[in-house]
Each structure stands twice: as C-alpha cells, then as structure tokens.
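The two complexes that follow have chain A in common; it is paired with chain B in the first and with chain C in the second.
The block that comes next holds the complex of A and B.
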C-alpha cells in the first residue's frame, strides 16, 4: 500500500506540477497583484496595499468603454444566437434528407481560425475608396446608402462585431441543441399526436421542457463566453481596439499587460477580478433562474 | 359520400401544409448554410483574383474568369508564412504530445490506483475547471517573462500542457474498462505502465483520438497567449502571423494576397474536419466549450 501511494503520486506529479505553477499559484497571485499599489514591473517593487488599482480601473474611460461594449455584445448576441440556433435545430430535426450535410456545414465555423475568417468579414463589410464592399452592395438593393462599417459610426461597428460573434458561436449551439432534440423520447410526441395537440402546443409543453436543461447550459456558457469576447474584435478591428472604440474587458486586460499601453499587471489583475465577479454574478443569477424554470 | 370527400380534402390540405412547411424549413436551412459558407467562398475567390483586377472592381464580382496563383506565391515569399506555419506545427505537435502524456498518467492514477487523499485531490482538480483563463494569464505572463522564456517554444508550450477537463474525460473512460483486466494483468506480473500502454490505451483509443483532435484545433487557433509571449516574428504562430500580415505585411492593403494567406491557414483544419467530422462533432458535444 505504501509503495502504491508513492507510485500514484508519481503518476500525478506532472499534472500537479503544471497545474500548481500555471493555475493555482497564478490564481492566488492575481489577487495579490490587484491590491499592490504602484507596482513597478521593472524593479518588482510596490508602494503599499490598497484598493487604488480598482478605483483607477473603474474610473478609466477606456475600461468604461470596454465595459459598455462587452455588455452590449452580451445582451445582443446571447439571446439572438441561442434563439436562431434553436430555430435551426428544430428545422434540422424535422427533416431527414441531407440532414447530415447540413449539420456538417453548420459546424464548419467551429474549426476555423477566428483571426483568419475575421479578415474575410472585414473585407465583406469594409468600405474603401475603390469599392463600397459587398455588404453595402447588398444593402443598396434595398435602397440603403453605403455605410462605413469598419471605420464609421459606433452602431455600425457594433453590428459587425455582433454579426461575427453570432456566426462564430453558432456551430456549438446548433450541435448541442440538435443532440438535445434528438434525445427527447418519441413516445411523448406520439401521445401528443393521438390527442391531436397542435404543433405550437407540443413545442411549448413537450419539446421546450425536455430540452430546457441543455438550453440553460447553452445560455450560461453563452454568457460566460460572450463576456470574454476578445479575438473576434481583434480579427475585425485590429489590435488597437481602443482607437476603434471597440475594446472589450478582456482586451483591456491584455492592453494593460502588454503592448504600447502595457506594463501594468496590477491594473490588469484588478480588471480581471472585476470581470470574474461580473461573470460569477451573472452565472449565479442564471442558476437561480434555472431552478425556477428548468425541468431536470 | 360527402363525408368521404371531406376527409380527402382534409388530408390533402394537411399534406399541402406539410409540404409548404418542409419547403420553408429547407429554404431557411439553406439560407443559413449560405451565410456559413459564403465567407469561405469569398476568401477563395479573392485569393485567385489578381491585385489589379481586385482593386479595379468597384462592384465586386462573384466569379473570376482569369484565376491566378500569384497571390499564393506572394503569400509565401513576401511574408514568412512558411515560418509561421512551421512554428504552428511544432507548437501544436509538442503541446498535444506533452499534454497526452501528462493527462494519461494523471487519469490512470485517478482511475486505477488507490492512494490517500485521492477524492480530495480529484475534487480540487474539478474545482480548477471553473477558473477562467483570463484570471491566471497575467501571472503566467510575468512568470514566463521572469524565466526568460519569452520568444521561445518552451514559453509558448508550457502553460497549455494540462487540461483538467481532459483528465476528467479520460478518467471516466478508463473507469469503464472492466477492472478484472487490471487484476488479471497484476496477477500476470505486468507492470502498471505496461498495462496502461498495452491494454488501457488501445481500448480507450476513441476518446484519446477525440481529445487529440480537439487539442490540435485549440492549438492551431490559439491567439491570445502566443500574442502576449512572442514579439519576435521568428516565433509567431499563424494567428499572430495573420494579424501581423494585416497590420504590416504586403503593403498597400494587398487584399488578394492577404486572402491567399487566410486560405492557406484555414485549409489544414478544414481538411482535418472533413476527415474526422463525426469524431470532432461527437467530441465537442460531449463537452467541448467555445462561445
């Protein structure tokens, strides 16, 4: 038994080492950083302990901009993507022919490089002196005058960001919802059919309750994912997100850490903890709501 | 007689309604398929248009009659795309291989070995799954910088070689293998390591494959950590490479060449997906996360 003990720890040693150095220690350290005032990364010294970093971050206009952007992004994309994914999954589960083809195509964005495909979206929306871009051409068909989506008004840029975010997160949601729909017991539907229940009522009384755990899982992970949005924005607007007014909270953290405005791990830590608290709060609210509405 | 025609009418109406519903469903699904596929079509299309042709089209054309591969040549000669590619392959292979070793050993210990504090340790591991990357990346950045590992492969690889989630997934799978096999191996005097390699891993190959593919995708697309830890072009991965190309490469916004680079970067994963799409989709629905 003694020998086995030792051996087990030996097997676990690499995992424990890596997790200890790159997860547990940083987790403690980030709190320490966030309370060290005036930390200097070159000399690794600081003046004192306090909450100055938090108040600095919360007063920083760039952070407030990032906060606003992130919240708008979350509020728009989470319901929208979940709703469309539900519609598409319902459509998918009602057909038999070429269903697998559709499923495979819909999953494609999951495996693509966000940065690379973001460039394509940028080109589709961009208005240059040489060309109005494809999107404007399309909008022109409906009589809309060309809009500069990439360098123009705030709402236009936000629209592109939301559009791309939805495009990116859709494959995962469609996949999860399709398999949730497929796992609903056929007998319920047969019983409803015998009773002559309308399709609408069948959906509300059978389908929705049966898939509600998965739906809620998607909403929770969707919120978490959207709050951490960053590379989508970089893909569309470049690394200088502050100049484009399109920064996100995570983007702000990285900007504080590195790059032209970087070198402030304390501010970055404070911002990261603020983000963590926001995400935790939203997740708790979601979980409380799910107790009320979800059938397990 | 009258009632019969009524039934016929009802039946016909119903069939007609169903057919209409089917058509609407197919149209909507196809519409989404077009939205998904169009960016891919557009990047390929733009990548084979010549620079002058692209820039002279005020209204972009949906096809080209004179495709050129000059952009692909440019993509590899004007910017070190091949270098980014090689870096990404090294990074992906090394990270995935190292991770497999680490998680297989850990999962085996949790699944088959008995030791003090096992349950407590496993609970701690699970708790770590909830820690967002953004929270730990700051200290990791400082750690790697202090170790003088910026712009090295070690610095790129080390923080991403463990995944609690994959340990959990593999442990569950290991436990499904009948324990009698383990006991039989013990009676035969087979060592644990040999049992692990010769019996457990072959049986659990599907899960290991899924984990490998998911990790490869993750590595290929990783952007944030490589961006923080490298500022030397010689260590850029494709994501950083494409960002660099966009901001400094090619000059004068050579979109067709940029698109050629995008195609080159996207192709390996798309091929991987086309081969393994069943496995990938199954693996992701078992607990992958993104977005």
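The block that comes next holds the complex of A and C.
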C-alpha cells in the first residue's frame, strides 16, 4: 500500500512539477503582487500591503475603456459567432456531398495567421489616399458616404473588431458543430419524421438538445476566449491601443507590464486578478445555466 | 387495415466508381391481410429494413405501388402515412423522459386531431399500461434496461393509434431470455390491439413462433410466403429449407435413378416413375430420422447428446454436405444405439428433394 502510493506520486511528479512551476506558482505570484503597493521591479521592494492597486486600476480611465471594450466584444461576438456558425453548420450538414470540401474552406481562416487575416481586413476596411477600402466601395453602392473604419468613430472601429473576431473564431465553431450534427443518430430524425414532426420542432426538440453539450462547450470557451482577446485588436489597430480607444483587458495588462506606460507589475497583476474573477464568475453562471439546459 | 404491395422494387445506386447498383428489394408482391402479424425473415442484408422503410414512407420505391386499404400511398410522405415504427436501436430521445418520449408523436397532431395536455398524458398512460411500463414514466431512457426501452419504443409507436405497426429487428438487442419473453409480449400486444403488424427478424425461430404468416427473403427477392408451419413443411427451394428450422435440415448429395431416391450408395425409397432422373440435393429434417437396425441409411456414429425428452444423434455419411448430421430422436431409444455405426430409416414426409441446378423443390 505504502509502496503503491509512492509509485503513484512518482508518476504524478512530472505533471505536478510542470503545473506547479508554470501554472500554480505564477498564479500565486500574481495574486501576491496585486496586493503589494508601490512595488519596484528593479529594486524588488514595496511600501506595504493593501488594496491600492485595485482602486488605482478600477479608477484608471484606460482600464475602464478596456473593460467596456472587452464586455462589448464578448456580448456581441459570442452569441453572434455561435449563432452564425450553427446556421452555416446546419446548411453544411444538409449538403452531404460537398460537406468535407466545404469544411476545409471554412477551416482555412483558423489555420491562417491572425496578422495575415488582419492584413486582409486592412484591404477591406482601411481608408488610404487611393482607396476607401472594399467595404466603403460596397456601401457606396447604397449611397452611404465613406466611413473611416480604422481611424474613425468608436462604433466603426468596434464594428471592425467584432466583425474580425467573429470571422476568426467561426471556423473552429463550424468544425465542432458540423461534427456534432453529424454525430446525431439518423434514426432520431427518421423516428421524428414518421411521427410527423415539423422541421422546426425537430430542430428545437431533437437537434438542439442533442448538440447542446457541444454548443455549451463553444459558448464557455467563446466567453473565455473573448475575455482574453488582445492579438485581434493589435492586428487591426496596432500596438497603441489606448490611443485608438480599442484596448482590451489583456491589452491593458500587457501595456502595464511592457508598454510605453509600462513597468507596473502591481497594477498589471491587479487587472489580471480582476479579469480572473470576471471570467470565473461568468463561467460559474454558465455552468449553473447548463445544468438546466444542457442534456446528459 | 390490409396492405398491398405491387411489384415494389427499390434500387440503390452503387457507391463509388464502377460500383454496381443494389437491388435491395426486387418485385415484391404481397397482400398483407388485415390485423395479422407478419414475420419478415431473411439473412442480414436481404432487404428487410428497406422493405420496412418503403412501407413507412422513409424511402420511395423505384418501381411498383403500395396500397394501405384502398388508398395508394406510394408517394405519400412518411408523416402522412400514420404508421408506427420501432427501430432496432429503439431511437428513444435520450434527453426526454419516458412520458415525454411517448407523448412526442401526439404533440405533432394538428387541427382537429390536436390534443390537450391531459388527453396526451392519458393516451400515453394507456399505451404505457399496454406494455406495462406505467411505473417508469419519469425516467430517462438511459436509466432503463434494454427490455424496458424496447417497451417504451413500442408504446411510442402505438400511442398515435397507427393503422400499421412496423418493427425492425425489435429483439436483436435483448438477451436470450428477454427475447423469448418480449416476443410473447409483442404477440399479446398485437392480438390486443388488432393492428396489422410487420415484424422483421433474421432469426427464423422468432418469426416462426409468433407470426401468422412469414415472408422469407434473400438478396431482395421474396422466396416464399405462407403460414410458418406450411413454409417449414413445404419450402419451395433449398434456401428456404435451410433457413428454417433448428437444428437445420441435413442436406445430402443424392440422385434419382431407376425410379428410386439414392443418398450416396444408400437407396432411401422408391419414387414415382415420372420423376426426372439425375443428381439432386436431398434434405432430411432432423425429426425425419427413425432408428432402425436394418434401415437404408448407413451412417457412422459420432456421439449422442441427450437433452431430456429428446436426444440428438450426431452422425456422419459420405454423401453428407456439411460437417455432421443431426437427428432428433426420442430419448427412450437410447439403448438401441451402440458401436460406431448407426442405421436410419426416414419419414418420407420429412425428406425434401431439390434440383441440383436450380435448387428448386422437386415434388417426387
């Protein structure tokens, strides 16, 4: 018995070491930093322990801007991308023959570099002395005067960021949903058909519950992913996100560490802990809701 | 309601390059009498499920017509046919309770047929009573045994009071004891409701034991239709003869010569003068053997398996085409067997002769 236990711990050791060094220790460290007031990374000293870092961060207009941006991004892109992905997947799974072929196409953006996709978006949206961008060209057909999407009003930039985020996360969601749809046993649909179930009811009462675990998985990871958004904003608006009013929470944390205004690990840690608490809360709410709506 | 199939044919296109098309059902003609239990029987892949799907409307026939009563339903979609269908894997909705599963078809009713919630629950409870699962209504299918799931599936098919009940291999996922019990149950439910029922199985014993009539299929073709005992006693060809009966029929290479039937060198009995001479297959049912010291069939004895009332004499013969002959004989004759040889006489009614070429039955 004793020996067995020792063996078990030995097997676990690599994983524990790895997780401990790279996950648990930093987590605790961040937590500690966030309460150390006036920490100086050069001299490794601090004045005292307290909640000043939090009150600073929560009063910092840049952080509040980042918080607002992140929430808008989450609230718009998660439902939208999941909804559109579901529609496209439903369409795809009804065209049996070209499904695999289409899957590749829809998956391409997923394996394409974020920054490369950012470049494409530049062409779509960027206003230059020579062109107003494809989007404005399109809008021009409907008599809309050109909008500066990349440097113009807040809502236009937010639109581009949301559009981009939805675009980037879509392929993964489509991939997951098409396979979830394909894994629903054909017999359920046959049974429903013989019983005279309408297509709408079949979708609501059979398809949706059957794929609900996958849908739920996508929503949770979608929330977490959107809360951690950063590279997308950089790809579109460059590294000075505060100036562009397009910063996200993770962007703010990064800036606090390394940006032009950087060198404040305490503020960064406090912001990171705030983000952690937000994500944890939302995920818990999601889990509670899932008990009610997700089957199995 | 009686069902009429006229030349019903279903051809599936071949999959892949140069693949041949599949004639899953080929010119099926049958008038199913009202209120009977029909066993659709055949080896795996012979087109039983396809036939059932053609009846349910999930598939459209390539050719031919289907009538329910006087109405042609060939092109009527499944949702308007009013059939109850039970799947081999039951296809119970896993996220719904038993009650919700059974009321599901009722919630689809529209217009005049629309039911209130109370009526739906009442109908579901009646159906559940019929299959004796009324105490399981709040469970999910995952919390039921195979036999219970089967009953739920039948209740769900019955609740909308279908004119036709179709069961696709309903017992194949059950263990041996449950299978026996459930097939009696299906018979009882069918008798009680009087619904025309078609029951698909690849197990001949199952079909024989509960069906009013059986249809024997192979490779999309209907080989024989009739009452189980008639088909067993009078199979039209070698396939049907081999497919029905446990233990299976014993097939020998034989011939008709000089007005007599021979198995190897053994002359079994005289046949009518106009029987065509030549090579034949001779099938002898296990119960067609009689122990007789000077009997015409000379066999080598392998062993005797006594199973209570009967015993199974396992023997060999040079002209026998399979591994070993099995003869079923009353156990009281055990004393007559000894040594390593055994001689049999045969009951002429249990000896079936088939043409060597066509494998069709020869009436001699």
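Note that in this section the second predicted complex is superposed on the first by the 276 of 296 C-alpha atoms of A that agree within 3 Å, B and C clash if a C-alpha of one lies under 4 Å from a C-alpha of the other, contacts with A are read in each partner's own complex, and residues count from 1 in each chain.
Simple rule for what comes next: a residue touches a chain if its C-beta (ideal position, glycine included) is under 8 Å from a C-beta of that chain, and two chains touch if they have at least 3 such contacts.
These numbers were taken from a predicted model, which means no experiment stands behind them.
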- request: Check chain A with both chain B and chain C modelled on it and let me know: fit or clash.
  value: fit
Message: By the touch definition at the top of the document, which applies to A:201: first (chain B), second (chain C), both, or neither?
response: second
- prompt: Of the partners chain B and chain C, which touch A:237 in the superposed model: first, second, both, neither?
  reply: neither
Task: With the two complexes superposed on chain A, say which partner A:35 touches: chain B (first), chain C (second), both, or neither.
output: neither
Query: Who wins on chain A residues touched, chain B or chain C?
result: B
Message: Which partner chains sit in contact with A:124 here, chain B, chain C, both or neither? Use first/second/both/neither.
response: first
Field: Touched partner set for A:92, first chain B, second chain C, both or neither
entry: first
- prompt: Who does A:134 touch here: chain B (first), chain C (second), both, or neither?
  reply: first
Message: Once both structures are overlaid on their shared chain, how near does any Cα of chain B get to a Cα of chain C? Whole angstrom is fine.
response: 7
- line: Contacts of chain A common to chain B and chain C in the A-superposed view none
- prompt: Which chain A residues qualify as touching chain B in the complex?
  reply: 1, 4-5, 7-9, 11-12, 14-15, 18-19, 21-27, 29-30, 33, 41, 81, 84, 87-88, 91-92, 94-95, 102-117, 119-121, 123-124, 128, 130-134, 137, 165, 167-170, 172-173, 175-176, 179, 221-222, 224-226, 228, 230-231, 234, 238-239, 250, 253-254, 257-258, 265, 268-269, 272-273, 275-276, 279
Message: Touching residues of chain B toward chain A in the complex: what are they?
response: 21-22, 25-26, 28-29, 32-33, 35-37, 39-40, 42-43, 46, 55-60, 101-103, 105-106, 108-110, 113-116, 118, 121, 125, 128, 131-132, 134-143, 158-159, 161-162, 164, 167, 192, 217, 220-221, 223-224, 227-228, 238-239, 242-243, 246-247, 253, 255, 258-259, 261-262, 265-266, 269-270, 272-273, 277, 280-281, 284-285, 288-291
Message: Which residues of chain C touch chain A once you look at their complex with the stated criterion?
response: 56-58, 78-81, 83-85, 87, 89, 91, 93-96, 104-105, 107-109, 156, 160
Task: Could you pull out which chain A residues touch chain C in their complex?
output: 185, 187-188, 190-198, 201, 205-206, 209-210, 212, 295-296
